[in-house]
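Order of writing sets the chain letters: A, B and C. Residues in each chain are counted from 1.
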Amino acid sequence: MNTLLKLAGTAVLTVAASSSAALAQNWPERPVTMIVAAGAGGGTDATARLLAADLEEIFGQPFNVVNRAEGGGIAGITELANAAPDGYTIGILFNYAPYRHLGMGNLTSASYTPIAQYNFDSAAIHVKADSEIQTLDEVIAALQENPQSLTIGCAATCPSSWSSAFSKVLIDQGIDITALRWVPSQGAAAGLQELVAGGVDVLTASVPEAASMLDAGEIRTLAVLSEERLDTFPDIPTAGEQIEGAAPGGVFRAVAGPAGLPEEVTTKLAEAIEQIYQGDDFQTAMNARGFGLQYRNSAELLDWMLIHEADTETVLRAAGVIE
Amino acid sequence: MEVIGPALLSLMAPDVLLAVLLASMFGLFVGSVPGLTATMAVALLVPVTFFMAPLAAIAAIVSASAMAIFAGDIPGTLLRIPGTPASAAYTDAAHRLTKQGKAELVLGTCLVTSALGGLIGALVLIFGAPAIARVALNISAFEYFWFVCLGLTSAAFISPGSPLKGVISLLLGLFIATVGIFPVTGQPRFTFGRTELIGGVALVPALIGMFAVAEILRYAISTEPAAQRTTARIGNVFKGLIPALWPYKRSIGTGVIVGTGTGILPGAGADIAAWISYALARKFTREPKKFDEGSLEGIASAGAANNASVSSSYIPATVLGIPGDSMTAIVIGVLFMKGLTPGPTIFTAQPTLVYGIFLSFILANLLMLPLGYGAIKLSRYILDVRREILMPIIMLFCIVGAFAMDNTLTGVVVMLIFGVIGWFMEENGFPVAPALLGLVLGRLLEETFLTSMIIAQGNLLVFFSRPIAGTAGVITILVWLSPLAMMAWRRSRFTG
Amino acid sequence: MKVSDLILGPVIALFGVLVMVAATLQPRPIFGSGYGGGFFPGFIGTGLLLAGLMLAWTGWRSRDTGPLLVMGAWARSPVHLANAATVIAALIVYILASGFLGFLITGAMVTFATLWQFTRQPVMSLAVTIVAVIVVKYIFQDLLLVPLPLGVLSPFAGILSWR
């Protein structure tokens, strides 16, 4: 009973302590919620659980992963933006810029406190193994000749993060992307099925997502939209090797909090995540699943988020989504 | 097949066996609580599997999912509240027999046919996986579209009563499925600007509402004195089962085939398998009158189908890395997490592991017989609890289950609304089953149709241009036209 | 509560019209596809309109067989009306209050209210409520890691996690 009274007393005092700085200094005093806007068992979830386990070890408080997968993730990242900025709710942020233009909320870099980026997966262009197309140049040439000649899978709704990255390359090559035949699907796996079944000619998706089908010899990857070749797939050429100045693009994952997170909390978390990122265990686990490793600290991440928003706007404007 | 020996040995390791046993009991519990589904059982296991060896982790998931699909039948039979969506198709039929004092026979049927379906599905998995997966790769949006149409057709056969009211119920379900994100462009639709609606109306809370909340409401306003509870003890559920089921061997066979086939198709899972096999059993039964008054035939067929589909859904998942349903999507994630890439190479690189996983289906489905028997024995105590105490407790479980599906209160709101709608529909002779089927298949129907139209550039003939799609399309249209043809034939016979 | 097809038919047909109108208000198709979000709902709306009219027609043909609205026996029994109201009110209270009060308090409130209304035995209801809420909390929050809201009990998150 005594301990209970004591605890109740502490709680009252804690609530009474109005200064957020005082709170932040002792952070974390209770379990932290980590919002993951994706289903349990998926890629985003897996990386989040890796981080959560290590954060729990570092801070000595549970970091509870909460999956909020509905609506392709919009519900989860909206909840993250609206959470109380007390440091007890953080989450995984990924390509969020399109939602605003599709009429879902008003999420911008101002909605979040960037903490640290730990992953980047480049988009890639795949064809069926027995396709006549051999290189990315041939895809571009065919589309320049006749924009309706090929069906292009988005591996999600159109425009998706993958198709947007490819769109950027196409726009730079002077192709009107609204004239193309974009085909949506329910996620990357369904898109791969459609590619192999002959429903689409070209598919945009990341290399890790397509790894099983690549292994199976069912598909070929023409190009990956990255600066350099991937360590895990050194045989796949980059888009830049085939087309001068092809823009890299893809999906990032980062730890973020709601806007206005106390600076002490941000610093503590950023340091911890950098430490985890440098660790061998994390590097091995990420490589095993084929996830691209890329670290950006809080300031670099903010810069990247602004680039991401600008790129998204360019593509969606060319697509006619933004009038 | 020389790999079977070592695979069996690796499965017999103590840590694997312990994981299978614990996960089985967990699956039985989760499946039998209304509001907790098999998918949730698997999702909730994910954090735990992080600390397990690959085989133990996947074998645990396999056992939990198989057990949960069976256990969903228990509350469906005893309380008319299905434990998982896969049991919804035959909940009414099962409960009807319970009211006639045959709960023991129904639960025995569910248990035995579940294990049988799961075992046959597992054999198909072990001996046919790579070859079948190759065939499944030819399925594109066109084929899917026709399969979905055939699936919707079964709505017409599911429920007794007015066919027109069944169609209205189906249309309402299809409409509700359009709320959320438009699957082509990702724009929100019919969401009234609310973030909560962008994810659409979730199936599980809707199902809990239409069955559980509607049942609680019916109890709350029931003016008849509490029916004398059938105090028939649940004894040996296996007794007299074989003679009771033997006449239905054809329907059970159909159920296994439909279930195995549905499991192989990506995007279709145990619930769809159960709906379709139940509809087929009702359509082709030799005793149509008995079927609606209380017969084991549909229950046996659908009970076998849903467990068969759990087994066969691992074919595309392991061979090609393509998830057949939300459960195998999680399995693929766990495989990746363990540094294993699903695909043909996993068969050459890790044959012992892959066949160990396949054999764990056999183990789980054999284990289902004794464990399921125990679960049925325990569950009879539910019948001893007074209804006025049981119903509020079920309501509490439902609230938490509806919440836990997406960790949001929206689920509880959906549950309440669908509870009232479900109760009103039943009062007015509208069957709720077609609405749920429409909700399950609606998004798939729209997506496959629009994707096909985009690929075909609006040319409807392309829907018939591929061999499998063409065949499926012609069959679908023949099924749709058959009632008209029958009418014309009868008329010509009477007048001619 | 049995409502005549003569009423339900037109209501369903009207709903079909609403769906059709809502479908036409959907944004124009974008990004190279010729099909917008209103295409498929348009079909469903048409179907509902036709089915509703057919239901009204069948109701018209058999209009002499029943009244427009039949209420069940429960509608004249205050106890049963109160039962139904309690169930629905309990769910609404949970939806509105659980975010603020948390699961433990709200869950106990609604379970106790429903049990009391059904059984009329306050002491037994209270005992069952306490056991049920604690069991549900332990199974879901602590074993299955479902993030049930803590609400006003958040400061005690530490002692309320029983893992």
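Throughout what follows, a contact is a pair of C-beta atoms (placed from the backbone, for glycine too) under 8 Å apart; a residue touches a chain by one contact, two chains touch by 3 or more.
Because the structure is a prediction, the values reported are computed rather than measured.
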{"item": "Centroid comparison with chain C (C-alpha atoms), farthest chain", "value": "A"}
{"item": "Most centrally placed chain, judged by C-alpha centres", "value": "B"}
{"item": "Distance between chain centroids, defined by C-alpha means - chain A, chain C (Å)", "value": "35"}
{"item": "Gap in Å, rounded to a whole number, between the CA centres of chain B and chain A", "value": "32"}
{"item": "Separation of chain B from chain C, taking each centre as the mean of its C-alpha atoms, in whole Å", "value": "23"}
{"item": "Chain A: positions in contact with at least two other chains", "value": "66, 103, 158-159, 181-182, 184"}
{"item": "Numbers and ranges of chain B residues touching at least 2 other chains", "value": "44, 47, 182, 184-185, 187, 407, 450, 454"}
{"item": "Where chain C touches two or more other chains at once, by residue number", "value": "27, 30-31, 33, 145, 147"}
{"item": "Chain A residues touching chain B - in the complex, by the definition given at the top", "value": "39-43, 45-46, 49, 53, 65-72, 74-75, 78, 98, 102-105, 148, 151, 156-160, 181-186, 189-190, 192-194, 196-200, 211-213, 215-218, 285, 288-290"}
{"item": "Chain C - residues contacting chain B, complex", "value": "1-3, 8, 12, 19, 22, 26-27, 29-31, 33-37, 39-41, 44-45, 47-48, 51-52, 54-55, 58, 72-74, 77, 80-81, 83-84, 86-88, 90-92, 94-95, 98-99, 103, 107, 110-111, 114-115, 118-119, 128, 132-133, 136, 140, 144-148"}
{"item": "Complex interface listing, chain A residues touching chain C", "value": "4, 7, 11, 14-15, 29-31, 33, 62, 64, 66, 103, 158-159, 177-182, 184, 319-321"}
{"item": "Residue ranges of chain B touching chain C (in the complex, touch as defined)", "value": "44, 47, 164-165, 167-168, 171-172, 174-175, 178, 182, 184-185, 187, 189-190, 213, 216-217, 220-223, 386, 388-389, 391-393, 395-397, 399-400, 403-404, 407, 409, 412-413, 415-416, 419-420, 424, 427-428, 445-446, 449-450, 453-454, 458"}
{"item": "Complex interface listing, chain B residues touching chain A", "value": "42-44, 46-47, 50, 137-143, 180-188, 195-196, 198-200, 202, 266-267, 319-323, 326, 329-334, 336-337, 339, 341-345, 406-408, 447, 450-451, 454-455, 457, 466"}
